[in-house]
């Protein structure tokens, strides 16, 4: 059981240490951190050192058991920030359930394993352990966030030198392969497909996806950082979540429906976690988009900017977590959405 | 009197000639064209040759009196297309008014005039002539679109060689100066401010803006192409327009309000013309954005992607006209919005 | 027999028509054009409309038999220009041989053929016809320039819809596949390898390359434009060429050696045609480069800028033809170099 | 007196700590560091977090008196590396003079001071102190490296809020203003111009420059980090330097001349420090370049790639220090060059 609280704190730059102060001022300690999920302001691609800088600041200061997930790219109106998930075992009066979270690092992946079955299995195994640790079932889970490694020029060259073949020869392309394997590992762990189907999907022969998977890749790590967020009766706090998916990048209705559910419960939106991608078919609702033919700006940057605009407009501010590259994390061209919200403190003793 | 019809046609690339076929198939002739307002898929900045390619295809084939305005940049979900405003003097039964439009080129601007009082005056003068030509007053106008020149390395060097000082030494920056002068010229012509205030605003000393101005700059022309769209009782067609402005890039409510007015009349949205810009203060609703500190992607590209996401999500498709760089075309960080819509054909003889 | 002259003319922009005037002023006619080989100033990648604009200006005005090759990308000190190869059958006194050239378009390639054996064969066949037309042998050839098609989002989607698999799912990656197939077709036609080896090389299983092949890809055509430049005793003009290759991007010595040969003959360098690429191993002479991990600028742009710097410094000006992406057009990380030069008019009757 | 040694060490990424090991393996201690001058692999512009990451790794580990200068941007063949200047007071037999170096931080600059007289004075003052500390005269100096702050969206907004006007409203443009002020401060300190002329130059009204100044700007600091490298008879080591300037970006001859001087002394090139910029006139030797009209890649990136190609080709590897933006650090379009080289150990007792 790990009841949690969530603090979303703007950052002045990737190396900003002000969030540590906020944490303290709010009454928590660094040791309470379960996970730091941040949006940093680099390009979100291979050479995004904003993620590395954030990691260099945060990693030495957080508990061994905690993980960071820094997702680069705050295109358009998106605003750099960190989401601090802190352990909060307090039983808030009037609540008989609440959000729980647990985090773990997987074993390091060999570059040859990236984007392949070994990564699927590794992620699935680690997510399985996290579910067990939390004492929740797959159905209780609202979101699984993964940060996973990518291939660099160096690791690609090393693989070839060792007589091995990398999953991709292009470093940017390797990010997609890694996200895909992580997401399919999540899908397996959540029982959304079996291992065989996941591997078929990885080979491009099956259309499996999990709307609760959110994977991003980075050069700043060689293992996978994984966070599971679920709802559990073992906790008692006002945080709740709903999840769904956008069918395409302009599926405002899907998000509105989730927000309506939040509003129906009197809840206040605390954060939206979303995946976004350029529709691989090259069009949205029958009209051509140019995200895949723009050789100046990578498609993930376009997708974050557009979906970020939609979500920031709905949330009312730009501190939204929109991560680019939604392979198997929603239908093609769309992406999973998890809204974390806070219920009002009940007036009466009615537990919620 | 120039009653118009509007055809919005997707383009396969900036040199696509298929829209000419569509025009013919729809029963119009090239000679009917009043203006071609297109979104092309380049970077929308100085070296955007998608605009030049589109101009090379369209300019030789349209009437002398017609003008093109190609605005580069279809970031995110925006979809390349052309909006063909064609003369349609037909009096549609059941309507006692309708949209009218007229277009003109200004005299060529000398590079030394770009971004300065001479450009304000030139644009104001040409817009004035167009109002007179249409027989409408400033209050009838819903949108004034301008395409205006920018400064290139060559013209900047030539100015210096001639002992003159360009309004900007950076070519990208000159686009903003040119858009500002054009927009203030429109504001003067529409009576939204006097000339003196406009010149103060150009000098950064006044906060004047017109939500009906939409200016974009390009290297492919040396004069200003101007189109005025207004509502007039001299026409009788089902097209109508409403205009307003987004207070910031995520001002979904302002757009929704315009769409609600359209819906209240039973109208169908035909096109949205919008301006977008990165808030010059570096933040949106108190949260920092990174559009102005991203040295890899110019701020206008970020702004189009984000606002394009919002508008495409509301319209339901990406063929929206979102133009970047909203100097004096809405409040700082926001931008003007004009929605063109079509009323249903009345069942009875009630003229609308 | 097609003796040629070469005019290298700077361009003010991709749509500049001033070179037509220069052509006339120099005493040639548009009908004399064998080929227009230009460097235009776009990104040189998928959405480079500077090539399309140049093609829109030149294609309607040149003879049916002539071909254009516009290679995008004038990074760094490279300067936009066109190289006009014009038919000049005049027998210049004192010369008993000279440069000849012939050009042709291949049949259109189906998107499914791009980057595959069919493209190798098509290019090889067309080059073969050109050699026959010129009456030269492979050994006489100094340069074969090809412009070939690429895959767009549209053509990729169409292939999938037809149950076919494109050679690449990424549009930028398809450029490399197309250049590779064209170059291997040239290698076959020049007898540098047999067809089987070429196909192995295309599959990544053989390291064949031709230093005389120069291929670039573009979205603005669906066939291959091919130009062969050779030396022949059937002509009598002062133009000559030498070719070689850079072993890597900083192989100044290899170029210097070619220039020394030119100088030894008293020749004047007229143009350098070069291919450049980021070393696929991720390093140059043992030191890491970052061209393949830079997600903001594509590797071909980096490579053109760097090699363009070297060659412009050696030539003394930036109007050098450096084309990016040297798959099978030189050793990995290097690229072919052809220097065209002009011999001085002999004082005596010694034919050269 | 601070005799120095120089270690140039490749880095695997901006956060690479391997150079610390190399330092130790070579027999030096971290405490010996006078300055760390690195090329990191970001965009070299405003949002280059590779500099910030490198600073986060190095700053806590070096002596208080040492300074770091991280210059972003390894475009083309440039290779990320650090140049470690270490104190080495050893008197090498056979030498009666040698290179010395000293470093210092200036006081923090207020954002309002950036790019203005206060920065000129601050830099001049600090350089003056360093000359005194080293006991050298201006004529002994071969290079003054400065890392100085820039304006961000935040600092610009703060200035306006305080009723002050920033030197530039564009963050990228502010980098140039800051480099200019630092360089003119160096020119004053080296007696290359008087203060009044420097301020005129800052106002664009004088063409003063110092070929020994090398300034780069970054968001990761608010003071100026300054390193002076000079030759002095108080030291006795084999390091020497020559300096000069490229008149334009392809001025190979100027660099060759310096290298010839090194060769004439039997020296081995250890490092080349160069400044590069896009010629502000828009052309190089009469031919147009497109670095200033490319809205996808900033001019500093183009310039580093091109000049980096030339210098890496001459040096024989890509670990060259080429810094972009050469305002007052060489003639317009050119840039200063300092070659550090090592003399052979003398066979006899002839002191050198």
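Residue numbering begins at 1 within each chain, and the chains themselves are lettered A, B, C and D in the order written.
One rule holds for everything that comes next: contacts are C-beta pairs under 8 Å (C-beta built on N, C-alpha and C of every residue); 3 or more make two chains touch, one makes a residue touch a chain.
Here the structure is a predicted model, which means the values were calculated and not measured.
Chain pairs B-C and A-C differ in how many C-beta pairs they share in contact, with the greater number at A-C.
Using mean Cα coordinates as chain centres, the one most removed from chain B is D.
Between chain A and chain C, the centres computed from C-alpha atoms are 46 Å apart.
Mean C-alpha position of chain B lies 41 Å from that of chain C.
Shared interface positions of chain D, i.e. residues touching 2 or more other chains, are given as 12, 41, 43, 47-48, 154, 219, 283, 288-290, 293-294, 296.
Residues 12-15, 40-42, 47-50, 52-53, 56-57, 154, 219-220, 296 of chain B are the ones touching chain C in the complex.
Contacts from chain D toward chain B in the complex involve residues 43, 45-48, 152-154, 156-157, 160, 169-173, 219, 280-283, 288-290, 292-296, 298. Residue ranges of chain D in contact with chain C, taken from their complex: 10, 12, 41, 43, 74-81, 249-252, 283-291, 293-294, 296-297, 301-303, 305-310, 312-314, 316-319.
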